[in-house]
Structures are given as structure tokens and as C-alpha cells.
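Let me begin by handing over the structure; questions about it come next.
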Amino acid sequence: MKLPLKGIIPPVITPLTDNDTLDVKGLENLIEHLLSGGVHGLFMLGTTGEATSLSYELRKELLKRTSELVKRRVPVVVGITDTSMDGSLKIAGYSAELGLDGVVIAPPYYMPIAQEEMREYLENIVPRLPLPFLMYDMPGCTKMHMSIETIKKAKELGAIGVKDSSGDMSYLYALIQEFKDSPDFAVIAGTELFLPETILNGGHGAVAGGANVFPKLFVDLYNASVDRDMEKIAILRDKVMMINNTIYNVGKHTSRIAKGIKCALSVMDICSDYMAMPLRRHGKEERKKIEQYMEELTAIMT
Amino acid sequence: MKLPLKGIIPPVITPLTDNDTLDVKGLENLIEHLLSGGVHGLFMLGTTGEATSLSYELRKELLKRTSELVKRRVPVVVGITDTSMDGSLKIAGYSAELGLDGVVIAPPYYMPIAQEEMREYLENIVPRLPLPFLMYDMPGCTKMHMSIETIKKAKELGAIGVKDSSGDMSYLYALIQEFKDSPDFAVIAGTELFLPETILNGGHGAVAGGANVFPKLFVDLYNASVDRDMEKIAILRDKVMMINNTIYNVGKHTSRIAKGIKCALSVMDICSDYMAMPLRRHGKEERKKIEQYMEELTAIMT
Amino acid sequence: MKLPLKGIIPPVITPLTDNDTLDVKGLENLIEHLLSGGVHGLFMLGTTGEATSLSYELRKELLKRTSELVKRRVPVVVGITDTSMDGSLKIAGYSAELGLDGVVIAPPYYMPIAQEEMREYLENIVPRLPLPFLMYDMPGCTKMHMSIETIKKAKELGAIGVKDSSGDMSYLYALIQEFKDSPDFAVIAGTELFLPETILNGGHGAVAGGANVFPKLFVDLYNASVDRDMEKIAILRDKVMMINNTIYNVGKHTSRIAKGIKCALSVMDICSDYMAMPLRRHGKEERKKIEQYMEELTAIMT
Amino acid sequence: MKLPLKGIIPPVITPLTDNDTLDVKGLENLIEHLLSGGVHGLFMLGTTGEATSLSYELRKELLKRTSELVKRRVPVVVGITDTSMDGSLKIAGYSAELGLDGVVIAPPYYMPIAQEEMREYLENIVPRLPLPFLMYDMPGCTKMHMSIETIKKAKELGAIGVKDSSGDMSYLYALIQEFKDSPDFAVIAGTELFLPETILNGGHGAVAGGANVFPKLFVDLYNASVDRDMEKIAILRDKVMMINNTIYNVGKHTSRIAKGIKCALSVMDICSDYMAMPLRRHGKEERKKIEQYMEELTAIMT
């Protein structure tokens, strides 16, 4: 994997036909959809990928098939966040066996732990990781907003980047500044709306959930940002805002974003919209809204 | 298992010699220590038991050995909280095979879910549970403070009780009131300090972490509460407060309580104080303090 | 004022006819209602008294009339919580001029300040207070849950007690334990449901919002708690729970408790239900429910 | 006042010689410092201005002198946030008498209120306001993150803009998008780091605390943003980041930013560094660090 990791790396949703069964054809469709959209890498088993809801068997099958389908056309990084070191290492080991490119790790997330405890944990787990690793800040799920000091510690231990999904742009900017003299260390936005700011200010890419649905839009926005083409950025950014205001905004609860993405992909006949437990796919009424929104969005995307 | 579940049910710590190895002799010592102290049941694989930090293999070994050691002298309930339904059902299934008595379930805890989503999840998982189940409210770890309505839904689906570790006594009282006409449904305090209040006001017991160390103290306090012996309660409660102010109060971070309990048991030569990752056992300095405190506490316990 | 402050001290609501006008007759009715119910003191200008919503002129008028109406039959303490020291000292000074008995102070509540900053603030303001003072822990409004160390500092500086409205019973118990050897220092529950626990475990009283409506109920519960009459406590406590489940439970938003109390007093023809801005009194529909609940409650109170 | 309000509008600190005394000479120095730096307006009595810590007398004196010193060279808007409508209207009325330009209002901040209650409050207070008004989102102090719907309601009632100090850039972008077709309505960043993003994406200005110290830097960054001069933005933005990492980063607690600004101004001999209670100015050690940082910063500013 060429460092630093760069560009649009979708947090790939996991297509399912039921709680324990991969939607194999859907996964194939999805990966071709993403790669033909020009994405620069894939992030499997992230939050949007419902990783923590899946059995280990299913996670392994997903990785195996992904590896076979991608055929090394782009780098694939794999979320190994778990509450137990054992679980993290199992997925990391399997990723290495498959020849995937890296792993992504967030704090163990059941018991609240302190920054200092997280740093100690990294000292323990990092020597056991068989692949390059990125850090993943996701306080909404893990209850820990990793301090800059914790990320610095991770870098000392070998981290090749950080994905920030905190939604806290001051933090994202602080990360960029902290690591600006480390050319191989990637600072990647987890909040897709912040893609242009990230690139314009020295960051490297975005793990954009919306790129599951509209990969080319995000790739274009990335390129416009690299080119500092402010007019093009403005036009594309408005389209990203529209996704926010439409398919992410159907239904209640935090889960509506993940549900909206899967539903949109189902409307596009790419894959099933089945959500792993504890979540449920959108109902008829919500799906109808998504269908209408997808018509509107598809019209403006081209 | 006789309903309602009653009395002192320690959240048994998991004795370890290293991150992947059970301290088998320690577990035997611990179980004898607890049963000779008169506890009314055991809660394995709870938060204090570091369940989420352990591999599934280790969890299974713990349950198998516990089952063999307890020999049905008291009921054993098992925490099956997981982020995936698969993980929960695996532990539940294994508990059933071993002939254990019940399972304890908290919300899936990675993605923030809504009360409504939790109730839907219960509708899905409960029919698959092979054993009676209790609900477990633990918002500090799961990010969800289950509403009374959610617990009512669980009861409709068959729950035999609820363990409240929210620390929110208004909520605990609301639970007791809600279920006062359901003689088989247990309301169990997860905050050990609230044991007498729970019993005096119509609740059924406590999952008291401190009962790992001083089982008889908590059993005595339970009995005094059942007898409404206010003077005895006052004396014993002061001793419980002392545990709070001593062995729970060494070191920093939330994890100091679990570390303190394991360290105290190690000082008593019952089992190892090894903590599973991401945590680390107390250092020398902290251990020294615990040793001193244990001397003082042991003196007043008798 | 005899120390420690003891018993039922209602946080007296402020009867208003509009945003800037005291309901003078209502105040007279209310005070007689409270004193004939046997309350042990009055707490004016607390959270339930909508202090921070009132102009200083109105606060002064309220205190003047209260002083004239109470005629020293019971001690009167006055909330002086403000964001500016000037505001706090103005109300404190006026309370002293009127010969009232003490003041009650919580942290300045606009800017988030640290425990250390609060302790420094106490060092500055306490020497300027013309009356004995109690501390008031109210994190839901002030954003600061004062540490035990901060309350200890306040006591060193002369505080005669603490009122705990955090809802955190572990904290309340820690306060009781900390100050158990200080016979003149009062630990007062701000959560009315915790009155019996407070008294049974060594605390001194309760600032119970519901005592505005049913003063005798709370006085009886206080006395039963002092007498350790567990059966009577159980009966009276159930009635307190019923208030919670009825008049506090009409409408949405945190403000429903204050609105419910004023509405109930209006239904009893004691005073107007007008709420100072930014709040509004209950609408017709809510009032109707309160009327029904008041019938039920009145029936069981006697 | 020309609409929309635009540019750099510092939240002017309040120079004090002690808790109740304005540093009159310091105020004069400060205003000349700001106006000669080219700022487009002044925001008096904001959070950085310690408004809520000041007596009303002092607030009035500050406004009177400011009015006399500014002599209408730039618009002056005044924070009227208070817990009581009376307090807000007093400051608003006085601002109008002095011929100042507008007022800035945040939710009443003692009792937690709901969005719906805030909207009702606006319906009540807005007709009584004698001057144009802006909304102020400051959840860290007021406990309420005003919804887009609440801001829309304010605009319907006549608001001329919103200042967003939530630190939540997704929200800031949503505000810009919501009001992009309202040419007279200003969306102003309260997080100074977000100035370029605000302007580049269609917002209007920044209330930048750091502009108290380095007004020209922020004015230059504003102009570069208006000109979409990405290279210049990058250079100036780095300087803003340096302020963050130096004078805002001395000492502990949230208050260190306000203390750092006042201390820096004192080091520049502009005004006293006295902080109103409950805060205290930086101690010797902190001041020494600020002195060193100011030397470094001054060197790079020119």
C-alpha cells in the first residue's frame, strides 16, 4: 500500500440477505459500482459496515469474497475494533492471510477507559498486529474522543494514519497540524461533509459513507479539492449537502444514515437493504421517500 | 431456578493468569469463598467479570468450570451482552448446554440505538434464548438507559427480572413500583450501596461487586434488610461505605473499582489480580495501599 | 436559626399574576397553607421558585412580603445563586436587612468553571455574605456537580449545610458520611423521593417541591423517618410516588414539574398558576388532567 | 446598520481594574487597537466579555463609554442574554438609548428549556426588543443547541443573523445552507478557526475572540477568504492556529482562553488582565509563558 493513504475510501456497507447471510451478488455489484466510480480504497467492517453486529464467520466471509472481488485493484483496509484483544487479532490475522492492506482500530468500547489506558493498550496490541494500522476516532460509538497525545503515541508505535469521525473539526484541524511534517501519515476525514476542508488544509482523504451510493461525486469532490478549484468544490459540495438533507434524513434515530444508504443501494438494484440486528431496514413509507429522493439526486448527479 | 431471583448475587470476577488463560485454582478458591459466604447466586460474565474483554473460548471455559465447581448449589446466571446477536446466542446456547440457570442481557452497545430499536431487538432475540433471561441496565457502558417502557416490553416477552446498574435511584424505585404486582419478577440493584433501600422498598437483591471480597457482609446486610433491622443495617452499611472509600478508591479511572476487587482477592490469596486487556492490574504502590486497607477492613468485618 | 437546619423546607414557588407582578394574595394563602401543614422552614427563590426568571425588584418584593407574612414563625432561607457576585450579594444583603435567616448558594452558572475555580470563588464571596449560608448542588441547572472536596471547603469557610439536588444518591450518602461528625452541618435532600433514606441514614431534611402542594404529607414522612417507623414510611412514600406519577407527569419537558406544582396550587385555589418567562403555564388540556389527579390525590392524602 | 452584518466583529473583552470597576483607559486603548486593526463591528457583553459576571451598573457604564469612544465608526451589537426577560430588556433598552446598533440573544440559561419553549419565549420577547437582534448559539454555556427550526422561527420574528459558537461545523454549514436565499441574514462563526470555511461557503463573518489581540490578522484572513486567495488563507490560518496552540493553551480549565486573551492584552499594555469573579487572572507563571508566546507571535504577525 502506497503511503500516505489518500483519496476516497468508502466505509463499505455489508450487503446481507438475512442476519447471518452475505448478499454475495450484492457485494459483487457494490464493489464494481465503487471501483468504477473511481474510489481509491475500501474500508471494510467499519461502523457503516455494521461490523460489530456481524458474527465472526460472516466477517471472515465478507473479507474473503471482497479480497477475491477486488483483486488488489485498490487497497483494502479492515476494521478490527473489538472489545477483546482476541477478537481484534482474529480479524487482523485473517486480513493478513488474505493479503489485505491494513487494519483500522478504535478503542475497546464497552468499559469506559482513560486515554492513558488506551495508550497502554496500544503498546500491547500493536506488536501483535500483522498489518499496517490506522487509528479510528469515533467517540459517538466508543465513548472515547482520543486525545492528540494518544494519536501521537499510536504514530510512534507505527500507525500510518488516523480517521476522524468525531464531527469535531477543530480536532481534525489539530490532527492535520500535528502531523503535517509526517509525509507518510494520513489524516482522513470520517465526516464526509468535511472532505474539501480536509484536503484544502493538508489532510489526505475521506471515509465517506455517501460514497457507497455516489462514489464518483466524492471522487470528483476530492479531485476538485486537490486542484483547489473553488467553484467546482462549491457545486459538488452542494450535492453532498443534498444527500445529507434527503436520504440521510428519512426516519428517526441515529441509525437512519446507515439505513438510508442501504435503502438507496437497494433502490439502485445494487444490493439488499437488509440491516443486521439490532437494526431493521427502512419500512415501506421510508423506502418510498428514498425512492423519490434518489430520482432527484440521480438527476443532479450527472 | 426459584422465582423471583433473590438475595446476593455477586458479579463474579474472572480470575486470569494472563490475557488468555483462566486461573483455574483461583476460580475454585473464589467460588468456595463466595458459597461459604452464603451468597444466593452467581452472575458470571458481567461487567465486573470483564466479559467483553475475554475471548469466546475463555468465556466458555469459565462457564464450564464454574458449572462443575458450583454443582448446582446456587443458581448461576450468565451475561450474554454482545454487539452481535450471534455472540449473545453463542454464550446463551453454551450456558443452556451446561445446565446453567439464566442469562442476563443488556443492549447491543456499539452503535447508539433508540429505545424503540431496543424493543424491536428484544422481539427478535428473545424467542431464540434457550434460558430464562434478566435485563441489565448499564448506561455507563452501553450508552442506553433503558426506559421503564422498554423493561415492561422485556417482561411481556418473558424477562424474569432486571438488574439496574445505572446508579439512578429514582429509576430503581420506579422499577420496583412498576413491577410490585409481579411476584416472579426480580428487581435487583447493581449499585451495591443501594442494597438496603432496594430490599426495604420491595426489591429483591443486589449484584454487589464487593461481595466478591466480602460475601458474608453483603449477605448479612441483605438479611438485616429483609428483617428490617434498622440498627444492624446502619452498622453493616457503614462497612460497605468503607469498602467504597478504601479499596475502590485506589488509583485513577473508572476501572479502579474492578482493579481494586481483583487486587483485594489477590491479597487474600484467593486468586490472581491479572486484568484482561485493555486494563492492567494495579501497580506496586496501589497494591500496597490495598494491603493496608484490607488489614483494616478485615479487622472490622468480624 | 437553630442548627442544624432540619425537616421539611419547601422550595416555595413564586405566585405571579403576570411576568412582573407578584400574586400577593396567593403568596399569603400559600404561606399559610405551608405553615399550617407544619413545614419546618421556607426556601425562597430556589429553582422551583423561578428565581433566575424574576427581576431583582420582584425578588425583593417577594422577600419583603414573605418576611412580613411569616413573622419569624419558621426560618426562611433565600437562594442567591447568580452569575455575578454583585447579583448574589444584592439579594443576600436584602435578605439580611429583612432579618431572614440564611442564604443558599450554587455555582455561578453561565460559564463552565472548574471545582478549583468554585473553591476560589467561595473564598471571595463568603467573607462578604451577611448571613449564614448553605451550599446548593444542582448540576442539571449549573453544569457543575460540586465535589465533596468543594463542599468541605465551603464548610471550612462557614457553610451550615448543603442541599443536594443532583439526584445522585451515592453522592448524597457520601455527603452524609463526610459530615456525620459535624452536628451543626445539615445535609438536605433536594430530591423529595429520597427523604426517608436521607433521614434514616443520618441526614437532616428535604427541600421537597411537592411540599408546596401537600406539606403535611412530607412533614408526616419526615416524622415517620425520624421515628424509623418503616410501615408508616412505606405508606407515605407510596403517596409521594403517586405525586411523581401524576401531577409531575403531565406535559413534556423538564419544566413540567414546576408547571404541575403551580397548576395544582391553582386548582386548590391557593394561587395563580402563571409561570415567569421563558416558561408558560399549563394549557387547558394539561390543567384538566391535573384537576383529575388532584381529586385522586386529595382523596388518598387524608 | 447595513445588512447583512459582515466581517470581523470581536467579542470585546471588558477591561476591569477590579470586580466592580471598569478600566476606562484600557477600554479606550482597546477600542482604538481594534478599530485601527480594521474590524467591522464590535460585540460587547458576550461570553468573552464576561457579561454575566458583571453588575448591571457596570454593563451600562461599559456600553455608555463604548458608545462615546466608538462614535459610530463601526456598528456595535450588545449581548443581552440573561435568565430573566427583565434583565435582557434592561440592557436592550439601554443599548437603544445610546444609539447602539443591535442586540444578541441566547436562550435563558439556568433552567433547561426545550426548543419549543425557546420558540415561545422568542414570540414573547422579540416584540419588546427596541433594536435589531441576532441569535447566539452557545450550548457550552446555555445547555441548549438551538435547532435550525428555532433559528428559522427567530428569522421569521425578525432576526438579522445568527452567531454560532457551538463548534459544530455541520451545524454551521446547515445554517448557511438554510439561509442562503436571505441576503440580509448573517451567518457568523463564533469559532474563530472556522472563519475561512464560513466565508468560502457563503457565511458572513466571525466573532473571533483572538481579534481582541490581533485584529488585523483576522481582518486579513477575512479579506483573503472573500478574495478566495487560498495561499494567503493558508498562511494566515497557520497564524490563527498558533494563537490556539499558545496563548489559549496556558493553564487549565475552559476559562484559560478568556484569561489568555486578557493576559495578552495586558502584556501589550493595552489594558488590565483583571478577570471578574468567579474567575481569576493568570498567575505569574502563566503570565510569563504568555509573555514569551506574545514575543513569538508578534514576530510572525508582521
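To keep things simple, chains are lettered A, B, C and D as they appear, and every chain counts its residues starting from 1.
We take it that a contact is a pair of C-beta atoms (placed from the backbone, for glycine too) under 8 Å apart; a residue touches a chain by one contact, two chains touch by 3 or more.
Predicted, not measured: the structure shown is a model, and the values here were computed from it.
Colleague: Which chains lie in contact with each of subunit B and subunit C?
Modeller: none
Colleague: Quick check on subunit A against subunit D: do more than half of the interface residue numbers occur in both copies, making it same, or fewer, making it different?
Modeller: Interface between subunit A and subunit D is built from largely the same residues.
Colleague: Give, as an integer number of Å, the spacing between the C-alpha centres of subunit D and subunit A.
Modeller: 37
Colleague: If you average the Cα atoms of subunit A and of subunit C to get two centres, how far apart are those centres in Å?
Modeller: About 50 Å separates the centre of subunit A from that of subunit C.
Colleague: Should the pattern of chain-chain touching be classed as line, ring, star, complete or other?
Modeller: Topology of touching chains reads as a ring, each chain with two neighbours.
Colleague: Among all the chains shown, which pairs meet the touch rule set out at the top?
Modeller: A-B, A-D, B-C, C-D
Colleague: What does subunit C use to touch subunit B in their complex?
Modeller: 167-170, 173, 177, 191, 193-194, 197, 200-201, 228, 230, 234, 237, 241, 245
Colleague: Could you list, by residue number, the parts of subunit C that touch subunit D in their complex?
Modeller: Residues 19-20, 47, 52-58, 83-87, 107-114, 116-118, 120-121, 124-125, 140-143, 252-255, 258, 276-280.
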